[in-house]
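Each of the next two complexes has chain A plus one other chain: chain B in the first, chain C in the second.
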Partner chain A sequence: MGRYLRTLREFWSSSLAIELEYPANALIELLSVLGNLAGSVVVLALFYGRGHGLGGWSWDEALVVLGIYTLLDGFTSTLLQPNLGAIVNHVRTGSLDFVLLKPIDSQFWLSARSFSPWGLPGVLAGLALIVLAARRAGATPSLITLLGTTLLLLCSALILYSLWFVLAATSIWFVKVWNATEVLRSTLVAGRFPVSAYPPALRTLFTLVLPVAFLTTVPAEAILGRATIPWVLASLGMAMVSLGLSRGLWRHALRYYTSASS
Partner chain B sequence: MSRTLRLARVLLSVQYAYMLEYRAEIALWALSGLLPLIMLALWSGADAAADLSLSPAELTRYFLAAFVVRQFTVVWVIHIFEEDALQGRLSPYLLQPLHPFWRYLAAHIAEQATRVPFVLAIVLAVWLFGAGASGWPPPSTWLLGLLVTHLAFLLRFLLQSVITMACFWSERAAALDRLLLIPYLFLSGLVAPLEAFPPGLRRLAAATPFPSMVDFPARLLSGGEVDLLGGLATLAAWMALLLPLYLMLWRAGLRRYAAMGA
Partner chain C sequence: MAIIRARGLGKSFRVADKQPGLGGTLRHFFARRLKDIPAVRDVSFTIESGEVVGFLGANGAGKTTTLKMLTGLIEPSAGEVEVAGFRPFRRQAAFLRTITLVMGQKQQLIWDLPPLDSLRVNAAVYGIGDADARRRIDELAEMLELGEELRRPVRKLSLGQRMKAELLAALLHRPSVLFLDEPTLGLDVNAQVRVREFLADYNRRTGATVLLTSHYMGDITALCQRVLLIHQGQLFYDGSLQELTQQLAPYREVCCDLGAVYPPEAFRGFGELESVAGHRVRLLVSRDQLTGTISRLLSTFPVLDLEVNDPPVEEIIGRLFREGAVA
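Take a look at the complex of A and B:
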């Protein structure tokens, strides 16, 4: 365990050094986070400005959902995109060979090798929005609620990670799936809005097939003090199952890896 | 003239064969443009359509058309150019008696051709499930719509090509695409019909090239009422503005090109 933590520190400090070579990207990322946030708020306002609302959620409550979405998007840019987006290239060029030969778990190496600080503005903006909107919505979370929300957010992150990893791992068979992760990112856009705003059929799809509901709506309900035990348990179960699935699929996929010659 | 035709045929058929190789990926990519359909679900769920002077059937048709327009106006030239410039693959292209951007343009058009079956399948599925979307606009309408969609694609390609020229000055210019995507998402009519915008925002959107890229072709395609000549003139004006800018930047950038890599 200690070895993994030490390696992680080395990984992240080296990738931080690389990324800091490109300081202009910090500005671009910051602008992109703010622009996306402003755009999403305007779209939300289009629904609320006419007094229709979305799925029975108040304006401030819907902003909590948007905050959680922004937080997870920042997490994606920080860890998922730089690492799991690179798997495809490792498979295509055959450099996965070198990863497999290292005396460390290959899934760990592939999932944690890089760290991009440019996702952090999104994480911070998301957290700020969650706190601000939850307070305006009149939420007075107790310590238990806060701990529970943190746990649920952790579940969201794990589910998101597993989805990304499973998609990236299929590159062993399909070789070129760099767009697959784009698909995921754009489908998860649905998580910007509370899941109850969608028609029943899509709601089922977003709960069972593409767990968008667990990613944003369930943690938002938790911080607003509306969490119910079945949903919390379902979220925990979903996180465990998807993590197990990503692990199992990776082991299975490696058996089909035939390397590439250049 | 015959040389041009032969060149176009060879470029397109080579790129088409290349794209067919990756059809599994393109199928996935077609799924990544589902945003207009997600927004359709939200708008019809919020029954806000009544305020927009659009009937539910018109709303469905609009977003379905926006989906088709989005599918056939996907542009990724900045990403491929960044890679080619960084790895030195641009150098052999420059030696050929053909502007490298024709090659990229052919790749985009070939990719659109590969997309056709997937798009048709999705449109049919939505058509069958989407209640209320009765009636198909007459062939003259949607043929014109498809033509204008192609013009919109050319405008997007041109706009991104202008931004792409930043690759000559920076190694991470593709990040700029993230910034360009924000106004495209929120001002083009992809997330909401422009009628839904407050007047100020609508005027702001009209001052940018983005509504020409989705709103105008989608409206034509869905058989809505549009100012055809005005829309075409706007498209032409933006192209006339961007093309000289692009050529200028290309010349300036090429002088800086250092032929990195192999």
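Take a look at the complex of A and C:
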């Protein structure tokens, strides 16, 4: 365990060093986070300004969902995009060889190798929005509720990570799956709004097939004190199942890895 | 003690069978046709601990595929392989700590950072303590004649410096079995020699087993007492380099500087003419006629200087594959 922690420290300090070689990135990322957030707030304001609601959610409650989406998006830019986005390249160029020959879990390496600080503004903005909006919505979460929400947010992150990893792992067979991961990322944009705002058919899709509901709506319900035990359990179950699936699939996929020829 | 053992090793790949052109591309997109291509067939050999073995063969002969099976990157389709007592494809941590793979065409060092940063990552991954890692880096850096290069971003290093840094990164965990795939690829002659000397030195000091492929015969002649020759996926020869040249080339190269220029026809009956360039003539003469031919040369031509060599190994092997002698 100590070895993994030390490895993680080296991973992240080296990727920080790489990122700092290209400082212009920082500014661009920061602007893109702020732009995205502003855009989403405007869309929400359009709905509520004309007296429409979104699936029975008040303006402030909907902002909590948007905050969670922003948080997850920041997490995506910090960890998922730089790591899982690189898997396709590892497979295509054969540099996966070096990863597989290290005496360390290859899924760990591929998932944690890089760390991009430019997603952190998104994480902070998301957290701030959650706290602010939840307060305004009149939520007075107890310690238990806060712990539960944190747990559900972890589940969200795990589900998102696993889905993405599964898609990236299929590159072992299909080599180029950039399109698939792009589709995933744009579908997740649906998570900016409460899932009950969508028509019933989409709602089912977002709960059962693409678990968008678990990513943002369920944790938002929790912090607003409206979580029900079945949803919490379902969220936990979903997280465990998708993580298990990603591990299983990865092990299976490696049997088919042929390694790019020299 | 045998450290590498391969028995009946085979690997076939399923590859797409695509016709050229737009029509072929469309057909291929909708109805992918696949076929199995055997890359390696029925290869058996054992390598003793501490040996330095050269792995020869033309492009696509199956060298890299075999190396990948030995390192556990791909699963053999047939046969058995054992390295240091492990089944490579299980990739157990203890096995991975025992081996290393260096590939001339792929690199593990982080492109934008100095090699030292990559070395820190490797030290952490292999669980090598800081002080220990520093000692090992110093020791290897000295053998490799690397100094401040370790503190410069990899992208600013020359190819030779980069390869030496790659070697350092690959050897930090003190592996006892080294798999080297074209470790001198693209290096200039000086850098090649330096890498060779380092590998020989490393083998002497640590007793590590080395299996290396190379296109540069110089690597093989300088380092390997034994070679494995693979052709069209099959093991064609396993033995000493010297025997291989004798077996494949029952002739020697005679090189003379003459006092005058002669037309090529003049050398008829003196073996096979390789080249005439001004005063310098190269002839291939079979071993049993060597002394007779030389004395005739000396009596017929005004010979200023005369040398007898083994023909270059790449010449022999190239000839072998061209003439289809391996069929």
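Basically, the second predicted complex is superposed on the first by the 261 of 262 C-alpha atoms of A that agree within 3 Å, B and C clash if a C-alpha of one lies under 4 Å from a C-alpha of the other, contacts with A are read in each partner's own complex, and residues count from 1 in each chain.
Here is the rule we use: contacts are C-beta pairs under 8 Å (C-beta built on N, C-alpha and C of every residue); 3 or more make two chains touch, one makes a residue touch a chain.
These figures come from a predicted structure and were not determined experimentally.
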- Please work out whether A:P141 is in contact with chain B alone, chain C alone, both, or neither, and reply first, second, both or neither. neither
- Item | Greater chain A contact set [chain C / chain B] | B
- Item | chain B versus chain C as contact partner of A:Y198, first or second or both or neither | first
- Message: Contact-wise, after the overlay, does A:V42 reach chain B, chain C, both or neither (first, second, both, neither)?
- Response: first
- Message: Per the contact definition in the header, classify A:G85: touching chain B only (first), chain C only (second), both, or neither.
- Response: neither
- Query: What is the contact status of A:T258 with respect to chain B (first) and chain C (second): first, second, both, or neither?
  - Reply: second
- Note on the structure: Interface residues of chain A shared by chain B and chain C, listed none
- Message: Under the definition above, what is the set of chain A residues touching chain C in their complex?
- Response: 3, 6-7, 9-11, 14, 17-18, 21, 93-95, 97-98, 100-104, 109, 255, 257-259, 261-262
- Taking the complex as given, what residues does chain C use to touch chain A? 13, 64, 68, 71-75, 91, 93-94, 96-97, 99-101, 103, 105-108, 110, 112-113, 117-118, 120-121, 123-127, 153, 181-182
- Can you list the residues on chain A that touch chain B in the complex? 22, 24-25, 28-29, 31-32, 35-36, 39, 42-43, 46-47, 49-50, 52-55, 174, 176-180, 182-183, 185-187, 189-190, 193, 197-199, 202
- Item | Residue ranges of chain B in contact with chain A within the complex | 22, 24-26, 28-29, 31-35, 38, 41-42, 44-48, 51, 170-172, 175-176, 178-179, 182-183, 185-186, 191-192, 196-198, 201
